[in-house]
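Look for chain A in each of the two complexes below; its partner is chain B in the first and chain C in the second.
Entry: the complex of A and B
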């Protein structure tokens, strides 16, 4: 009982002020999360992680996600971070592409050919992202914040977040910059503020009930750029990783509890 | 081919709560212009004895989740859930009550 109370208090402490009153959004979120098939994607991802593929006929089991080769526990919650072997900051999807080319011997083009799947046939990236993120449940979000390149990625991400461009002169902040805005039954969290970024970043990647698809964080960023009518960013590019770094760093300290379930 | 299934069965207060996830496209007549693909029969067995025989329809979502409560039960009881779809595909999963 005490534990339940403590959890409830903790949850309250991290919930944006708007959601503290009886929020229809919270109810809706709770109801959609019941019966989420996220675990099926985790199972699919585990299979792919161990499957021998590519010219080297190797699995990804020796892939170093930052905690050492093959270590999955807590790895997602510590990304994005700087990787010495490639001298750049990477997030989960970018690092997976790297492992597919180095360990499995696949070409970068082939590995990145189908990063977004559909309901009938989810992509490798989506399955793997579900499986790996799930191994960080209960771990505090703590991306790399010490290496100069990590700091630079954060700065670039922050700038991109507020940078207005494109046919509509939009920035991320055009939608995610003001309190109490929503699109239909989805709240628009002010992602530059920790209290809003925390619950969001703690539950991505996520399963979307409206189209029965599992979505990666790279997809989320890509789709925001599509909605802003900007040129399509490259999957795993410096810009999208920087954006992910900015959002994750803003949410740092929150306990990861995904993969989540969204509308 | 039939994708993975996942099941949990937990004993609490004299009841066994079972929750099972299954991978299936569950497409309807309308979506497929007459070539629907959906789970038709669902069978639940406890220690080999059939306790539920269910018929479901196209009206169930993709990747369905079912949860139900069985009266009684003991730790270690074997629960088996299997499905059969309209194209004759089938899959099953088994777990012990925890």
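Entry: the complex of A and C
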């Protein structure tokens, strides 16, 4: 405990001023976090995790998220990572789709049919991601960083982050590349820098107050590409996992404290 | 200074560092092979949706060059791009100052060219990045403030041409500008760009009050 405290204090001491809570919106963000319905999504996710579904009438309780079958504690904070059984790097959502097909016997198309929900009817993926991410609260973010495919995913994600393309010539860095910038009144974190990536990645997935919806990290990446005027990334594709790997690795070492509540 | 006092701090630093050396994450130096790799990944992992066709992942000369040079090409390369991009601009004859009120609406409108937008629908997204009229305080800061644009620069034919051209194709004036090419990309048409020029240059526009 003392060591954690000392590390936290030291980390704080070395955090540049830009990343500190100087924002006039900090109070608003704190207030929205109180009274957030995140807990309800966690409960809904637990139910779905244990629910027998698909042709095999099986639950997801034996799903291996990287820490062994059924182990949820700290699993989210260690993703994305390489999975030997599929010989590829997966993030939480990708791995869940895999478990739905292998354990529950569902087709890939059926499992991925409705990954984004809405305010009236959240998706299975959103509930599950809330429940599973919550089991990593207090765990340090530490994605896989040793297997060659994990390193390759990181490098691909980094290239994608700075790659300008599309109808409006945007890369991720067009908006998330310079300190202290805003779109309208929204502050833009420079996600290629650890001090900005840390608080962001420590609080996704998240409940969004503005549209009363719980959103996954895969959705967050998808919606950025929509606003970048690009075509749509395929859910769980290598490109999206690589992007997630780059962002998560940049935030590594931060204590996970989500699911968060956002504007 | 008491050495004993510093020891535990040093030890704590070492133990923290051992758990998590976060990568630097900066912009990688990329070559043609990297661009080909990324484009191949985009072709494979993205799909068209609505008006966002797959042709959008293919790089044109501007995008390719700016990616290769980290948005900072050598002056002669930048000049070559700017000259070529200037030729893409179709300047209408006559006054380029349109209706500033219509321009203000377009500047406010953040939609356009996304897969969620109807083709031809939307605006210039100008306030996303720029301060423009003083009444609108909810403006972004990615681009420079345009407050008082016409008052400071005048509104003669040359300035009209510059404002129109800059909105039509920003890369004609700054090869790797972060500003989208609103006319060249087909996002805004001639009348819409004229209305935005009106917002910037008309003495009656709130921008110049």
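Simple rule for what comes next: the second predicted complex is superposed on the first by the 240 of 263 C-alpha atoms of A that agree within 3 Å, B and C clash if a C-alpha of one lies under 4 Å from a C-alpha of the other, contacts with A are read in each partner's own complex, and residues count from 1 in each chain.
Following the convention adopted for this analysis, contacts are C-beta pairs under 8 Å (C-beta built on N, C-alpha and C of every residue); 3 or more make two chains touch, one makes a residue touch a chain.
Predicted model, so just to flag it, every value in this text is computed and none were measured.
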Clash or fit, chain B versus chain C on superposed chain A: fit
If touched residues of chain A are counted for chain B and for chain C, the larger one: C
First (chain B), second (chain C), both or neither touched by A:36: first
First (chain B), second (chain C), both or neither touched by A:44: first
Contacts of A:53 with chain B and chain C, given as first, second, both or neither: neither
Touched partner set for A:234, first chain B, second chain C, both or neither: second
Contacts of A:119 with chain B and chain C, given as first, second, both or neither: first
Overlay on shared chain A, then closest C-alpha pair between chain B and chain C (Å): 22
Set of chain A residues, in rising order, touched by both chain B and chain C: none
Footprint of chain B on chain A - complex, ascending: 35-37, 39-40, 43-44, 47, 119-120, 212
Chain A residues within the chain C interface of the complex: 3, 6-7, 10-11, 140, 142, 154-156, 158-160, 162-170, 173-175, 178, 180-185, 188, 192-194, 197, 225-227, 229-234, 237-240, 242, 246, 249-253
Chain B - residues contacting chain A, complex: 3-6, 21-23, 25, 61-65, 67
In the complex, chain C residues that touch chain A: 9, 12-13, 15-16, 19-23, 25-28, 30, 34-35, 37-39, 41-42, 44-49, 52-54, 56-59, 62-63, 66-67, 70-71, 110, 113-116, 127-129, 138-142, 171, 178, 180-181, 185-187
